[in-house]
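In the two assemblies presented below, subunit A is common to both, partnered first by subunit B and then by subunit C.
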Partner chain A sequence: MALIEVENLHKTFRVARHHRGALGAIRSLVDRQYFDVHAVDGISFSIERGEMLGCLGPNGAGKSTTIKMLTGILVPSSGRIEVLGFEPYRRRKDVVRHIGVVFGQRTQLWWDLPLIESLDLLRYVYRVPAGRYEENLHAFRRLLDLDPFLNSPVRQLSLGQRMRGDLAAALLHDPSVLYLDEPTIGLDVVAKHRMRDFLRTLNRERGVTVLLTTHDMADVEQLCARLLIIDHGKLIYDGSLEAIRDRFGTERTLVVDLDEQNGAVNGPLDVPHAREIRADGPRRWLSFNRADTTAAELIAHVAARYRLRDLTIEEPEIEAIIRRIYEDSSGISSQTL
Partner chain B sequence: MDRTALRLYFELAKRQFQRQLAFRTANLAGLVTNAFFGYIRATVFIVAFRSQGTIAGYSAADAVTYAWVTQALIMVVHLWGWYEVERTIRTGDVVSDLSKPFSYLGFWLAKDAGRAAYFVLFRGLPVLALGQVMFGLRWPSSPLVWVAFAASLTLAVVVSFAWRFLLNLTAFWTTDARGINQLAAAVVLFLSGFVMPIRLFPDWLRGAVLALPFAGMTQIPCDVFLERLDGADLAGALGLQAFWAVAFLLAAQVVVVLATRRVVTQGG
Partner chain C sequence: MVRVSDDRASGGVTGRRAKDKGVQAKHPVSDPLALSPSQGGAAGPATGSGRAETDAGTFACAQDKGRNAGHADTGFAVRHRSFVPFAPASTGRHALHLWLAEAQVHAGLYRRLIGAQIRSQMQYKVSFVLRMLGSFAGNLIDFGAIAVLFNRIPALAGWSLPEVALLYGLSAVAFSIAELFAAALDNFAEYVESGSFDRVLTRPIGALFQVITEDFALRRLGRLSQGVLVFVVALGLLDVDWTWDKGLIMAVAIGSGAVIFFSIFVLGAAYCFWTIQGREAANIFTYGGDFMSSYPLDIYHGWLRRFVTFVLPLAFISYYPALYVLGRPDPLGLPGWVRLLSPLAALGMALLAWAGWTIGVRHYQSTGS
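Moving on, here comes the complex of A and B:
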């Protein structure tokens, strides 16, 4: 059985519709109308033990809402969730014992106390045996380099240090699953890199299943073999990053530098299955679809007609692909891609 | 509740106690303020009692002590201005507390116990000491009275906590519970006997107010301190406090269950 199973999950919030203006505000007090927001609208997926998944989606897509239902702090409107065989919202305490959560924009650490006090407390919260706790603390002090600020009040830590503290706090009780809600938000390049290194180690050496939400494509590219894309409360993609390139990133670009010693080429290049999308002197950008032609064929065509000095092939940036998927889905939100 | 659970709540209380230690200057400023108003209130009582020897059974010395004890209890019982839970709900930090394998009510009760313990030592006792230096207070005459006072004060903190906690929980529905908290503070200030002893209230009002939970937050511990209650009266007063403590905690637990069924965390 999968570690996490989600089937046709829905979460609908009832939101009051406010009338406009000052008079409207008064009117809203007596004449309140509601409309439903479908934050999560029929999502299904399952996660196996040891997987590392990235969950992408624009702001307000329903990612955080889904994570909150997985941890049991939010009750689904309908659908089924099982985490380690439990329904999280019915067995909140049983489930949260086996999961760790880090919400990137929040902290569970005690603001006014030295970091070590927050970590020590978790030993009692999760009833971690003393020996195991010491082992874990020792391991995370090394992996996350906590020692320089272990005895500093959390309020004095930099965001990167605080995030490391929060990560340790989420992991001291050996959770099977770690949920990370935007773990790299606001971190500098070095801190992001360290965070990713740490997550990889955690997944590989401790077998922790990791589900992270992010807006940073690099998080997904570097960490996650599998990608979920959620938009408008629906799961619009579930698969690997390579597959998404194959499926949505079919437009590639051939960049050629023409040899113009014997006179410049006037007008756009004329080759089958490609169109020139940009020109800058001798440098031309030819867009082609991998469904119509291969790069090798195209290069052969171009070389047969024009003298070339150099050429490169540009893969579509994953960020551009994802943007296109979001844009497409906002037009056809009711339809699953 | 088993031993490991007790240990957790002890550790929570301890940390909240430690946390308060970080605010030394704020505490000193609060201490000066409490003592200043203690001085004013005691002086007003002395003037008021000049023409009459006793009012509702309180002598002038009793009234001065009442003023100073209530000042000493302000931060211990924390009758007003407590928004800690409300803040976590408003900011969304509540999700961390809810994703832990402990009782949400127990978590906050333990923290409040640690907070109250801190204020007994670093606010209540210094305020009483200052009152003693400036006016001379009427102290309990036997260790047994101290024991009864400690019991009554503990119950007062629990009743007050459950009341504040309930008010803070409204933030789950209203997203900003500060308005209702301020309104409640005004009511409690009066009905707890903080502004003046409930025994000085008019006859038609007194009985009812004494039976309300608010009397257990200030009036009853003060009366125990002043040895106004003994025997059956004392047992009845402590019983009333215990009744309200249990009733409020049960209500709080019910509201927690309802609230967590509809957590709408701010900011997604």
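Moving on, here comes the complex of A and C:
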């Protein structure tokens, strides 16, 4: 049995429909109408111990709602969730003992207290044995470099420092699962790098299962072997990053620099199975589909017709691929509506 | 089999298998990580059931494994913290032990959390002292207004100044004790709105317990001392033949009153799960309640008197205990034993508050707002 199992999960919110205008506010009081928002609409997946997953999706796609149901904050409308063999909303206290949660935009720490005091209080909240607490604190102080601000009140910490403190706070009780909601949001390049390093170490050395939501593709590329993409409350992709490139990243781009010593080439280049998508003087961008032709064939065609000085092939950026997937899925759902 | 603990192999208590859903894994309340206030939280509490010892063994075992396994060089050992199995409580006595151990743990935790809050408040000493003095002076003026009123009139609905001061003192003391503990509930709407309540639900202790430990309004000590002052002065001025039962009634009234006010704070907070305007509604009953119970009920209209006697038992905070002590007749004509019912009213309010809170949390969990 997997560590986390989610089966046909639904969460529907009833939202009051507001009437417009000044009279509308009064009308809303007497004549309340509701409509349903399907925040999570039939999601199933399972996660094994020790996995590290990235969860992607546009704002309002249902990622946070899903995580909230996994932690027991929200009760599902229907469907089944099991985390460590428990239904989180029925056995909230039992489940949360074994999970760590970090919300990127909110802190778990006591705002006015020095960081070390927050950590010390959490030791009692989670009932961590003294010896284990010392071990963990020692390890995190080193790995997250907490010492410079261990005695500063949390409100005085920079965002990067606070996130490090939050990570330590979420891990003191040796959770089996760590949920991270946008852990790198607002962090600078160095802080992001440090955060990712830490998560990798955590996953490798402690076997902590990590589920993170993010908008930063670099998080996923550098950390996660597996990717979940959620949109409109549905799981639209569950698999590896490579597979997604193979499946959706079929459009590649050949960039050529023409040799225009003997006169400029006018108009777009005319090559079979490719179309020019951009031109900047002698530099031309040719888009082609892997299914239609190979890069070698295309280069041969171009070289046969035009004099070239240089060329490169651009792989599709993962971000562009994801954007296409979102666009496709909104196309699908608007058709079905 | 992800949740099979390593303990089985190492001869500890049997690990719980994933499919054994019939056996509810409970975490030992008396495990060695438990807070034992008397022992600085280092060792297991002294509620020495055999169970606790077994669990301690398991934990020690798991810890040793953690230390020895794998990456000892990094001090970052691989360790799957397993569920510590725990048999369901089989006897009532056992359950009582568990309950007591749990209560002890929470008391220790409360002291720690509140201690931390007070330390952080003390970072602003001047502000703290000024606020305390301000609340003391402000409330004294509040009572001064009543005293001035008695310059003009000899009695209020047949109640003399010392008698009204007794009501006022009882209510003020009960209210400010409740306020000390319930200060965090005062801006609970913002707490819910900002999403802070999500954090509460991701921790393995009770939600209400966590919320009330977010603040301890030591600054309200100003109000408490004012209440005590008025109460003591009233006791001095009253011509009452003090017997032990009257003293007991006073003490019980203050305790019950504090519970009733605290319950109203909790109900007001629970209402915030539905609407962010909950605070205003709650203030009517908390501050309004304090105001009402500072005066003899005789001055209110009949329906209001019945409301605060039978529906929202504000009358049991100061009025009925005062009737008992002063030996005055009851304008509602209720039998004499009604004056002893303050603890019962407090219990009823506490249960109501608990139910309201539980329903509120459930509502939050299904709507997320």
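Convention: the second predicted complex is superposed on the first by the 333 of 337 C-alpha atoms of A that agree within 3 Å, B and C clash if a C-alpha of one lies under 4 Å from a C-alpha of the other, contacts with A are read in each partner's own complex, and residues count from 1 in each chain.
To be clear about the criterion, a residue touches a chain if its C-beta (ideal position, glycine included) is under 8 Å from a C-beta of that chain, and two chains touch if they have at least 3 such contacts.
Keep in mind it's a predicted model, so treat the numbers as computed, not measured.
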item	value
Fit-or-clash call for subunit B and subunit C when the two complexes are aligned on subunit A	clash
First (subunit B), second (subunit C), both or neither touched by A:Glu221	neither
Residue contacts with subunit A in the superposition, subunit B compared against subunit C	C
Which superposed partner A:Val96 touches (first subunit B, second subunit C, both, neither)	both
Partner chain(s) touched by A:Asp238 [first = subunit B, second = subunit C, both, neither]	neither
Touching partner for A:Glu87 - first (subunit B), second (subunit C), both, neither	neither
Touched partner set for A:Asn59, first subunit B, second subunit C, both or neither	first
Which superposed partner A:Asp257 touches (first subunit B, second subunit C, both, neither)	neither
First (subunit B), second (subunit C), both or neither touched by A:Trp110	both
Touching partner for A:Gly131 - first (subunit B), second (subunit C), both, neither	second
First (subunit B), second (subunit C), both or neither touched by A:Leu3	second
Common interface positions of subunit A, toward subunit B and toward subunit C	13, 65, 68, 71-75, 92-94, 96-97, 99, 101, 103, 106, 108, 110, 112-113, 117, 121, 124-127, 153
Contact footprint of subunit A on subunit C as seen in their complex	1-3, 18-19, 21, 25-27, 31-35, 41-42, 59, 63, 66-67, 70-71, 74-81, 83, 105, 108-109, 112-113, 116, 119-121, 123, 194-196, 198-199, 201-205, 362, 365-368
Of subunit A, residues touching subunit B in the complex	13, 59-60, 64-65, 68, 71-75, 92-94, 96-97, 99, 101, 103, 105-108, 110, 112-113, 117, 120-121, 124-127, 153
Interface residues, subunit A side, partner subunit C - complex	1-3, 13-14, 48-49, 65, 68, 71-75, 84-85, 89, 92-94, 96-99, 101, 103, 106, 108, 110, 112-113, 117, 121, 124-132, 135, 138-139, 142-143, 153, 173-176, 201, 205-207
Subunit B residues within the subunit A interface of the complex	4, 7-8, 11-12, 15, 18-19, 22-23, 91-93, 95-102, 260-265, 267-268
